[in-house]
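Chains here go by letter, A, B, C, D, E, F and G, matching the order in which they are written, and residues are numbered from 1 within each.
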Amino acid sequence: MLTAILLGFLFALFLVFTGKFFRGKLAILSALIPAGLFVYFASFIPQISSGEIISKTYQWVPAFGVDLSFKLDGLSLLFSLMITGIGFLVFAYTASYLRGHKYLDRFYGYLSLFMAAMLGLVLSDNLISLFVFWELTSISSFFLIGFNNTNPASRKSALTALGITGFGGFSLLAGALLLGSITGTYSISEMLSMKEAIAGSEYYILAVVFIFVAAFTKSAQFPFHFWLPGAMKAPTPVSTYLHSATMVKAGIYLLMRFTPVLGDQEFWNTTLIIVGGITMVYSAIHTLFRTDLKGVLAYSTISALGILVFLIGLGSKDAFMAASVFIIVHALYKATLFLVTGIIDHQTGTRDVTKLAGLRKIMMPVAIAGILAAISSAGIPPTIGFLGKELTYEASMHAETLTIVIVIAIVLTKILLLWAGFVAGIKPFTGKLPEPYKDVKAPDFLMWGPAIILAVLGLLFGIFPMIIESALVKPVVSALGADASEYHLALWHGFNTVLLLSAITIVVGILLYFFVKPSANLENRIGKLEFISPKSILEKGTHYFNVFSAFWTNVFQNGYLRNYVTTIVLFLVVLVSYIMFGSSRVVIDHTQLSQVTAYELVVALILIAGVFYTVFTKSRLAAVAAMGVVGLAICLIFVFYSAPDLAMTQFSIDTLTVILFVLVLYRLPKYLTLSDYKMRVRDGVLSAALGTVVCLLALQVLAEPTNSELGDFYAKNAYIMAHGKNVVNVILVDFRGIDTFMEISVLAIAAIGVFGLLKLRLKSTDRSQ
Amino acid sequence: MTLTDYLYYIILPVLAFSVLLIVYRFIKGPSIADKIIALDVLITTGIGIIGVYSIIHGRSTFLDTAMILALIAFLSTVAFSYYLEKRNRKK
Amino acid sequence: MKSRFVSNLLLTFVWVALTGDFGFQNYLFGFILNFFILWVITRGNSDARYFTLLPKLIAFFFYFLWELFKANLQVAYEVITPNFRMKPGIVKVPLTVQSDLGITFLANMISLTPGTLSLDVSNDKKVLYVHSMYITNREEFIEGIKNGFEKRILEILR
Amino acid sequence: MTQQLILYPLLLQLLLAILLMFFWKRIGAQRIISMLGSIVHLGVSIGVFAYIWNNGTQTIQAGGWEAPFGITFIADTFAITMVLLTSIAGLAVSIFSSGSVISDRLRFGYFPIFHFLLLGLTGAFLTGDIFNLYVWFEIIIISSFVLITIGGEKAQLEGAVKYFTLNFLASIIFLTAIAVLYGLTGSLNMADLANKVAAVENRALVEITAILFLIGFGIKSAVFPLYFWLPASYHTPPSAVSAIFGGLLTKVGVYALIRVFTLIFVGDVFLDQILLVLAIFTLFSGAVGALVQNNIRKVFSYLIICHIGYMIIGLGMFTEVAIAGAIFYLVHDILVKTNLFMISGLIYRIKGSNSMRALGGFYANYPKLSLLMFIPLFSLVGIPPLSGFWPKISLITASFDTGSYWSLAAIIFASFITLVVIAKLWAEVFWKDAQEIPVRPKFRYYHKIKNIKRIQIIVPIVFLSLVTLYVGFGAEHIQTLATRISSELMDNQQYIDAVLNTQISE
Amino acid sequence: MSTLILRTASNYLLPVLLVFSIFILLRGHYLPGGGFVGGLIAAIAFVLHAFANGLDDTKNLLRFHPGFLMPVGLALAFFSGMSPIFVDQAFMTGLWFPEPFPVIGNVGSALFFDIGVYLVVIGVTLTIIFTISESA
Amino acid sequence: MEVLLAIIIGILYAAGIYMMLRRSLVKLIIGIILLGNGANLLIFLLGRITEGAPPIIPGESKVFLEAYADPVPQALILTAIVISFGLQSFAIILVKRAHKVVKTDDLDEMNATDEDS
Amino acid sequence: MSSVIIVILVTLGTLFVLLSAIGLVRMPDTYMRISVNTKAATLGVGLILVGTAVFFNDLSTTSRSLVIILFVFLTAPVSAHLIGRASYFMGVKLWKGSIMDDLRGKYQKNSYILKSEIDDTPENNVDHSKMNDK
C-alpha cells in the first residue's frame, strides 16, 4: 500500500529528471499509473464489502508516535477509487488538453504528486501522517492552481487557496495534537474506542473546532469558500480533479472519518447543519449570477459540499447513506461538467455561457456527456443523481429539529443546482450555433472519451444501483459507524413525500432554467454586493492587517539607533525595578561597608566631575581630555583597592584610546547639539533611572554574604603549583589562560578589522558584489 | 603621631586638595592647552599620591603603577599636541 | 660600531638597575637583551662619548638641582603672595650648541627650571625661543642661560 | 590524548584561524586551507559527536585545574550537537565564500576572521564557565563586526553602527550580569553556580540577575523588543556573511539562554512567564515584519526573529516536550537559515538584485535551481514532512499540556504568516515573469563567472538542502536526539555531577 | 611633528622604553606587569617614535609589517597551550622546567604564553595606529 | 567607600547610556567607553574591595601571610578591559569610516538600511 | 632617623605639588601656567619618590623610584615644550603684562617652520595681534 502511495511521488521525482522526454507523445503513458492504481484498489472491493478492514503499518517517527499506518476501509476505498479513477481520466484528458505545452512534464509532476498526497490522506490511519498528506495536497494544489504562473490573477488565486487551506492545515495540526494529548495516541482506529473519553474531555469543543476549521477551509464552506471560485484560474483538468473528487472532498473525508470519533454530539451536529446549510443555499444562489461556466460550476460545487456537510451534520443513518451516494453522484457529474467545460473552452476559446449555444452540431459526444451529467445533477431519473436526491430528502425529513426550514433549504438548493447543471451541461449545446463558432474543430477522443465514460457511469449506476451498493456505499456507512445492512438502494421507492419534493424540484428547476438566463447584467448586480462578501471582507482585513504590520514594524524598527537603545534600556529598567521594588527585600547593609577617606572622596569627586564634563562639554577634544581625567581617577581607585595590575592596564589603555581618538578626531566634524531640550531631559531621566537601578542593585548585592573560595584556591596554589607570585597574572596566564588567549585573539581580530576598514577600498565596479 | 598617620591624615589630604585645584583649572580652561596641562599635572600628582600611598601600606608594588603612569602620560600629551598642530594646519 | 657597543653597555646598566639584581647572569642577560633591542632599532648615527661623560654629568646634576630649587622658591613666593610682580615675555636666545642632543638637553633644562619655558627651536637651529616670567633685562637673561646651562652642556658634550 | 577529544573541534578552528593569518595575501591558499580545514573539522566534529553519543557527557578541565577553579569545557549532547551544526554550516559557508566573496574582501582577512567566528561559536557551545562564555561571545561579536563591515560600503557601515552599538550594549549587560552573579556566589563555573544560586536566599536578586542574562542574551538572539540590530544590518554584508550570521549568530544567543535557564535559573515561574510573553511578541513581530518586506534578505531577517520565538517559547513552557521542540527547531533553523541566505546570494549573483519587485522568472529560466531552492524555503514553512514541521508537534503539544493558549495562537500565527510570506516570495521571485532589471556593466553575473565558482556556490546549497531533507525525513533520529538533549537539560544535576564530580585526569 | 626637541628625546627614549617593556613582561609572573602591559609599552615606544619622526621612519626601523607579529604571537601562545597535550595533559596545563632560570625565575609554558601575548599586543597596537596614521 | 563607588558606577552607566542616546557619532563612542568603565568597576566592587593588599605573594614566602584582595575580579576586569579596548578601537575607526562614507555625523540620518524594505 | 628624612622629603614634595596646583589656578596666562607647573609638580613628585625610596630602603624599590624620577624629568620638559608651542600657534595670547614677544611673526602658518629672523613674508606668519584668545 505504501508503494501505491509512493508511486505518485516517485513518478513526480522521476519527471524532474526526465521531463523533456514526457513532454511529447508519451504523456498519455503517465495515465497508466492511476489506471493501475485504480485496478489495484478495485481488487480490494470484495474484501472490503465483506466487512474486512485492511491495515498496514510502517515505522516512521516513533519518537513522535507518528507512523505510516494505512487503513483501507469502505470510506477510504471509495475515495481511493475516485482519486485513481477520475485521476486516470484526467491524466488522459490532459494529454490532449495540454498537448505540446512547454511545461507539460511539470504539470504531470504536480498532478501525480497531488494524487499521491490525496491517496495518502485518505488511507492514513495516523492523524499526524494524515496531516502530512493533507498539507501536501495543499502545497501541490498551490502549484496546480498557480500553474499559469505568469498570470498575476493565477498567482493570486494560488496564494489565496494556499492561505485558506494552509490556515486550515494548522488548525488540523492543532486538532490532531490536541486529540493526541487527550487520547495518548494519534491512531484514529484507537481513538474510535475512546469516543466517550473524548466527548467527556474539557477539550472536546476545542478539538472539534480545530477539526471543523480544517474541514471547512478545505471543503470551501462558508465563509471560507471564496478560494474555490478563485482556483478556477487553474487549467481545467486541475479544476476537474480538485473540485469533483479530490481536494475539496478531503474536508468531507475528514468530517466523515471523525464522525465515529467526535460525532453524535450536539455541538458537532448543529454546527455542521448550520454551516453546511448556509453554504449550500448561499452558493446555490450565487450560481444564478455567474456567466463563466467555471464560475457556475465552482459555486455549484461549493453548494454540493455544503449539502454533504449538512448531511454529515444530520448524523442519521439515512443521512450517511445519502452522503455516500451523493459523493459518488457529485464526483461523476461534476467531473463530467468540468471536462465538458474544458473542452468547450479549449475548442472555442470562451467559457462565457451567454455566448455559447448550439455546440452539439460540432461536438455531439460532448453534448451527450454534458446533457447526461446535467440530468444526473438535476436528479432526474434514471440517473444516479435521482437516487442521491431522494436519499437526501429522505434524510432531511427525518431531521430532529426545524425540519421544515431544513427541507425548504435543501429543496431550494437542489432547484438552483438543477438550474446550474442545466446551464453548464445543456445550454452550450442547445439552440443555434453562433456564427463565430462555425469553424470550431471537434475535440479528439482523448478529450471527450473521459467525459462520456463518467456521464455514462452516472446513468449506469442509476439504473443498477446494486453495483455500488454493497461495493461502495454500505462499507462507507459502516465506516461511519452506522449499521447499513438492511438498506437497499433503488430508483423506485413508491409514491411518498420525497417523490413529491423531487417532482417539485425538477419542475421548478426546469421552469427556472427557461425563465432565468445567465447574463452579464445579473453578474454585475451581484458584483455590487461584493463588498460585503466574506472574500472582500477578508481582503479588506488582509489589507488592514498589512497596514498594521507595516505600522507595527516601523514603530519598532524606525531607523533611529537612539530609539532602539531607549527601548532596550527602558525594558531593562522596568523589569529590574519591578522585581526590585516588588519584592520586600530591598536591603542595603551599611555595617559591612568601609568609611570614606578624604582622598577617596576627592578621587570620586574628580571622577564624577570628569564624567559630567565629558557629557556636557561642547568640545570634542575637551571631552577626550576629560575622559583622561576619568581614566586617571579609575586608575587611582584600582591602586587604592589593591589592584596595581588593573591600574596599569587601565591607564595604558586609556592613553591608547586617547591617541586613537586624537588621530581620528580632526577628521570628524565638530560636536553639534542635535537634540532638543525636551529630548535631552527625557534621555536624562531614562539614563538616571538606569544609573539608579544599577547603583541600588550593587548595594543590595554587597549586603549579601561573600564567598572567596575561588580566590583562596588561586592564592594557595599560585606559587606552589603555578610558580608565580602575582596571583592576577597567574590567573591570566595559567588558571584562566584561555580567557587571555581569546582576549588577544579579540585584539588581533579588531586590528584586522581596522586594517580592512581603512585600507580596503572597493573599486566602484565591485560595489555590492 | 606615627609616620603612617602623618601621611594619612595630613599629606594625602593636602595632595587631594591639590588635585581639586588642578581639576578646577581643567574645567575652567580656558584654552585647550590649559586642560592638557592640567591633565598632565594631575597625572604627575597622581604619581606622588601613589608614592605616599605605597609608604602608608608598606607595599612597594604600587610604585610599578606609578612607573607606568610616568612613562605613558607623556604620550597622551604628545598626542594632544599632535592633534592641535594637525587641526590648525587643516584650517 | 663603538657607539653601539657603548649604548649597549649603558642599557645593560639600566636593565640591571631596573631589575635590582646585580648578579653576573643578569648582566649577561641584560647585555644580550639590549644587543637585540639595539639591533632592532639601530639606524647607526648615535654619538659615542659616554665614558668621559660621567663626572661632568654628576656635577651638572647638582648644579641643576640647585637651580631648580632656587627657581622653585622664587616661583613659590610669586604664587602665594597676592600680587603679581612678574615681567613675562618670550625671548629669543641665540644658540651656541649645535648638536641635536645638546639643544634638546639645554632646552629641557631651561624648561625644568621654574619660571622659564623653552617654547621652540628655530628650524635652522640658531635660536631657542624661551618664555620667562622674570625678564628684567633681555641681555642679562640671555647671558644667564649662556653662562649657566649652555656652558656646562657644551663642556659635557665636547 | 583522547581525553582532550572534546577540545579538538575548538583547537582545530583556532589553528585554522592562525594558519590563515600567515597566508595573509595568498587568497588561493586561504581558500584551500579553509575548505580542507572545514572538511576535517566536520569529520572531527562527527567523531566527537559519536563519542559523546556513545559515552555520555565529557568534561575537560583546562590547565588541569579541578572544577570549579579552572575553566571547564563540557560536551553534553546539546553542546556537541551545536558544534556539529556549526561545522556543517561552517563547511557550507566556507565553500560558498570561496565562490561568492570577491577577492578584494578575501585579501583583507575574510577567511581568518571567518574561522575566528566559528572558533567563537565552538567555544561558546563547549564552555562550562560563565566568564569564559563572555569571552567567546566577544570573539563572536568582534569577528562579526569585522565581517559585517568588510568592504566598507555605505549600507554596510550604516548597518554596522547599529549592529555594533546594540551588540556592545548586550555585552555590557552580560558583563553586568556576571558581576552580580560573582558578587552573589563568588563563582564562575556554571555547574558550581547552579548549586550556589540555588542556595542564595534573596530570590529577588537572583531574578534580577536572570533578567540581566535574559536581556543580554536576548539582544544577541534577537528577541522582542531587543532585536533592532538584526533587520538593520543582516542584509548589508556579502551573503556568505549573512548566511553564517543568519544560521548561527542568533542561535548562540538562544543556546546561551537555554543553557542558563535550564541550568542556573531553574524553576522560577515569573521568569518563565516573561520568556513566554517575549516569545509570543517575538513570533508576532517577526512575522508581521516579514510580511511587509520587499528585499528578500530582509524577509529572511525578520523570519529569523520570528522563528527565534519558537525556541524561546519552548524554553518558556519548560517541559521536556517543549524543550525538545525548541531543540529540534534549533537544529532545523540553523541549517535552513544558513541555506536561505546563501540562496539569496545566489539569486543576487544571478540577477544583481534582491528586491522581490525586481526579481522574477526564476522558475521558467532556472527550473532545477528553483527546485533546489524549494527545499529550504518550504522546509522553513514546515510543509510536512520537511524539517520545520516536526518541532511544531512538540511545541503545540506542549502548549496544550501547559494550557498556554496564547503560545498556541502565536505558534500557529507565526507558522501561518511564514507560509504566506514564503508563498508570496515564491510567487514573486519564481513564478512572476522576469522583470527588466538594468544590466550592471561590471557586475559578475552568475552566467559570467567561471564554472568552478558556480560549483562553489551551488554545492553548499545542495549540501545543506540534503542535510535539511535528512532532518525532515529522518525526523526520528533528530527527535531522538532532541529528546535526549531535552531530558539532559531538564535534569541539571547530571550536568553538575559531570563537572564537579570528575577527578582530574592525569 | 617637526620639533627637534621631541625628535631627539624620542630617539633616546625608544630603547629605554623597549628595555622597560621587556622588564615588565618578564616580571609579570611575580609582580605587576606581564605580557599585556609590556606589549603596550613597547608599542607606545614605537608610536612615540612615529609621532616624532614620522611614520615612514618608524616603519623603516621595524623592517616588517607589525601585523606580522599577530599570527606569530598567536602561534606562540597556541603551541605553548598545546604543548601539554603532547605529554598527555590538559590543554593549557603549565609545564615547567625543573630548575629556575637565572634572572627570569621559573620558566614554563606560561612564560611563552605571555611572550605570545606581548607580541600580539605590539602587533595589534601598531597595526591599528599605523593604519590610522597612514589613512588620516 | 562602597556606597560612593556604587554611586560612581551608577553615574558611569547613566552617562554612558545618555551619550549613546545622542545623535552624534563621537558621543556614541564616548558613551561606549564610559559604559565599559562602569561595568568594569561594577565587577570590581561586587567582587568586594580590599584596601592596600594587592594579591601578590610577598618576598620569599610561598603563600600569603596576611589578608589580600580577591584576585579573581581583577583578572576578569583585565580581560574585560582589553576586550573593550579592542571593541572601542574598532568602533572609533568604524565611526571614522562611517562619517566619511555616509557623510554625516548625525546618527538620525543613518537609517537607510531600515527604510529600504 | 630615616622617618625624619622621609617626613621632610615628603612634606617638601607635597608642598611643591600644592604650590604648583595653586600656581595652576592663579597664574594669569597659559604660558606661565605651563612654566610654573610642569616643574613644581615634577620637583614635588621627585622629592616624594626619594622619600619612598628611603622608606623601603631596598635596591629594587630605590631603582624603581629612580626610574620614575628619571622618566618624569625626561618627559616633563618635552611635554611643556610641546604644549607651549602648540598654544602659541593656536593663538593663545600672552598675559597683558608681558613685556616682549620675540616669537611674533616667526612661525610660518600651515607649515610651522620656525625662523630665527623675521623674513619678508609676514602675511604667511602667525601673528597674535590678529588672533582671538580662544
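Convention: contacts are C-beta pairs under 8 Å (C-beta built on N, C-alpha and C of every residue); 3 or more make two chains touch, one makes a residue touch a chain.
Because the structure is predicted, anything quoted here is derived from the model rather than measured.
Under the contact definition, chain E and chain F share the contacting chains A, B, D.
Annotation: D-E is the more contact-rich of the chain pairs E-G and D-E, by number of C-beta pairs in contact.
The chain closest to the protein's centre is D, with centres computed as averages of CA atoms. Using the mean of the Cα atoms as each chain's centre, the chain most removed from chain F is A. The greatest centre-to-centre distance from chain D, using averaged C-alpha positions, is reached by C.
Centroids built from CA atoms put chain F at 27 Å from chain D. The mean-CA centres of chain C and chain G are about 14 angstrom from one another, to the nearest whole unit. If you average the CA atoms of chain A and of chain E, the two centres end up 62 Å from each other. For chain D, residues touching at least two other chains, in rising order: 14, 21, 62-63, 131, 135, 138, 142, 145-146, 149, 152-153, 161-162, 165, 169, 176, 180, 183, 188, 231-232, 292. Each of residues 20, 25, 28, 38, 42, 45-46, 48, 51-54, 56, 58, 72, 78-79, 82-83, 86-87, 89-90, 93-97, 107, 110-114 in chain F touches at least two other chains. Residue positions of chain B touching 2 or more other chains: 15, 17, 19, 32, 36, 53, 61-62, 64-65, 68, 71-75, 78-82, 85-86. Pairwise chain contacts in this structure: A-B, A-D, A-E, A-F, B-E, B-F, B-G, C-E, C-G, D-E, D-F, E-F, E-G.
Those residues of chain G lying in contact with chain B across their complex are 3, 6-7, 10-11, 13-14, 17-18, 20-22, 24-25, 30, 33-34, 37-38, 41-42, 44-45, 48-49, 51-52, 55-56, 58, 60-61, 64-65, 67-68, 71-72, 75-76, 78-79, 82-87, 89-90, 92, 110-112, 133-134. Against chain D, the residues of chain A that register as touching in their complex are 16, 59-64, 66, 106, 128, 131-132, 135-136, 139, 142, 146, 149-150, 152, 155, 158-159, 162-163, 166-167, 170-171, 173-174, 177-178, 180-181, 203, 545-546, 548-550, 552-553, 556-557, 559, 561, 564-565, 567-568, 571-572, 575-576, 579-580, 582-583, 585, 587, 694, 697-698, 700-702, 704, 706-711, 713-714, 734-739, 742-743, 745-746, 748-750, 752-753, 755-757, 759-763, 765-769. Of all the residues in chain C, the ones that touch chain E in their complex are 7, 11, 14-15, 18-19, 21, 23, 25-26, 29, 33-34, 37-38, 40-41, 43, 100-101, 103-104, 107-108, 118, 120-121, 123, 125.
Chain F contributes residues 51-54, 56, 58 to its touches with chain B in the complex. By the touch criterion given at the top, residues 597-599, 601-603, 605-606, 609-610, 613, 619, 621-622, 625-626, 628-629, 632, 635-636, 638-640, 644, 647-648, 651-652, 655, 658-659, 662-663, 665-666 of chain A touch chain B in their complex.
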